[in-house]
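Below you'll find the structures, each written out as structure tokens.
Same chain, two partners: subunit A is paired with subunit B first, then with subunit C.
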Partner chain A sequence: MARMKFLVDAERCIECNGCVTACKNENEVPWGVNRRRVVTVNDGVVGAEKSISVACMHCSDAPCMAVCPVDCFYRTEDGVVLHDKDLCIGCGYCFYACPFGAPQFPQAGAFGLRGKMDKCTFCAGGPEKDRSESEFKKYGRNRLAEGKLPACAEMCSTKALLGGDGDVVADIYRERVVRRGKGSEVWGWGTAYGPGKAGGQPPAKGA
Partner chain B sequence: MEKPTRRLSRRNFIRSLGAGGAAAAAALVANRPGKDSTTENAAARNSRGYRESAHVRNYYRTAKV
Partner chain C sequence: MKPIVLIAAAAIAAAGLAACMEVQQTATPVKQGKYQGKPDTAPWDNEPLAGGPKWNKGDRAGWEDQIKKRQLAQHEDRRIYQ
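Moving on, here comes the complex of A and B:
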């Protein structure tokens, strides 16, 4: 069974925000909610500036799922983390738990009253009937059911944002790292594998 | 006058050949397996999630560039 994953290649991202626009347009995301955004670090520093596209990473061990008091999150067979807006009470716990800032809350009224949480669905809709009007209204387009991948990944002009079967995406990225001949700069690599273990390092001369 | 029974039987034989051929052709068309696109559309209707469709394979191909 395929497990859906996003992977951001910071070496390729040109901060065009095409992914952000594609997501907003495809899912008709309401004003004030950004399911995806581009973050730039070391802005203006020559040679050190990197941009990454951030949204829900559909964690294998999702903290949002762990803290939700009404248990509105669920994981599909494809590993996509989704939630049921009919159960969500808009408490905001998931927002505090998420390391990526993925959960978004539309303003539902005066005094900062929050509406039901909204986040990236990996273009996989929600618990409603596939490709139904109610599903689109609450969760956006269900591209996975149409045999497609998330609009953001498909729209990315430099293919910096990869999305799809985790095994395939990892293979594509591995090929890139080997071709570049230097360590991978994938975001979170050091946390996951420790420093000094970047893939694709050419062997030392004389070794 | 002698009845042309042989001629008639030959006609019947040729007619039966034609009818049999048409029936065989119809059976072949009916039993032919569906095209790939038809199969894919049927899978699309039944599937709820990810599948490696031609569209997805094309995306993976472009991402390898």
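Moving on, here comes the complex of A and C:
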């Protein structure tokens, strides 16, 4: 069973913002709402500058889901965290709970009035008829129902951003790191990806 | 040893061990939320689009196969050398 996840390779991200543009275009995200954005640390420091693309990470134990006072969040069978905009009251609790700053709130009027929460849907739409006009207007395009992956990951030119089943993208990343011979020395590597040193366990065939 | 000393020692030990117990830190048991919104259909419960990846409506395994193909297309080493 697939558990949909994003994985970002900071060694590859070139801060082109192609993923941000792809997301904006694919889902016609309104002005002021950024479902995905690129974060850069040590900007301008030669050799130390790193960028990662951040959006909803579709947590297995999602804090947004835990704090929502109207229980508008749900997790699909393939592990995507979605919400019902008809139920959302725009309180902003999920924004404070989320460690990635994923929930976004369109400014619905004057005086800073907040609209209903909007976030990355892993291009999986929401609780409306799949691929319908109403689903597109509220949640954006449902690419999973078309048998496709999120536009941001498929558009990434350097393949820094990987999207899909957590096991499959982790295997791709592990194999990549083993090939380049750098990166598997970091703390927690073994827990997340298993043996990663040269000569370590290669990914399963066809994985 | 006098019984009173033994009883006192046992009481002190019991009190000491009680301090190691995990106490309830929430005022009330946490309420586990339950989704209150509309139901959503699974992506494989749709007819595939013309010209796109193919699977039979409702065939989860077929849909997962198509998604897996696209996932592996993100792996440039395999895409090139296959």
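Throughout what follows, the second predicted complex is superposed on the first by the 183 of 207 C-alpha atoms of A that agree within 3 Å, B and C clash if a C-alpha of one lies under 4 Å from a C-alpha of the other, contacts with A are read in each partner's own complex, and residues count from 1 in each chain.
The rule is short, and it goes like this: contacts are C-beta pairs under 8 Å (C-beta built on N, C-alpha and C of every residue); 3 or more make two chains touch, one makes a residue touch a chain.
None of the values given here were measured: they were computed from a predicted structure.
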Contact breadth on subunit A, by residue count: subunit C or subunit B: C
Partner chain in contact with A:F73 - subunit B first, subunit C second, else both or neither: second
Which of subunit B and subunit C A:I14 touches, first, second, both or neither: neither
First (subunit B), second (subunit C), both or neither touched by A:M65: second
Subunit B versus subunit C as contact partner of A:L162, first or second or both or neither: both
Partner chain in contact with A:A2 - subunit B first, subunit C second, else both or neither: both
Subunit B versus subunit C as contact partner of A:P127, first or second or both or neither: second
First (subunit B), second (subunit C), both or neither touched by A:V41: neither
On subunit A, positions contacted by subunit B and by subunit C: 2, 76-78, 124, 130, 144-149, 153-154, 159, 162, 164-165, 168, 172, 175
Residue ranges of subunit A touching subunit C (in the complex, touch as defined): 2, 65-66, 68, 70-74, 76-78, 82-84, 86-87, 124-131, 142, 144-149, 153-154, 159, 162-165, 168-169, 172, 175-176, 179
Complex contacts: residues of subunit A adjacent to subunit B: 2, 4, 76-78, 80, 124, 130, 144-149, 153-154, 159, 162, 164-165, 168, 172, 175
Interfacial residue positions of subunit C with respect to subunit A in the complex: 33-43, 45-46, 48-49, 52-55, 63-64, 66-68, 70-72, 74-77
Of all residues in subunit B, those that touch subunit A in their complex: 40, 44, 47-56, 59-60, 62-65
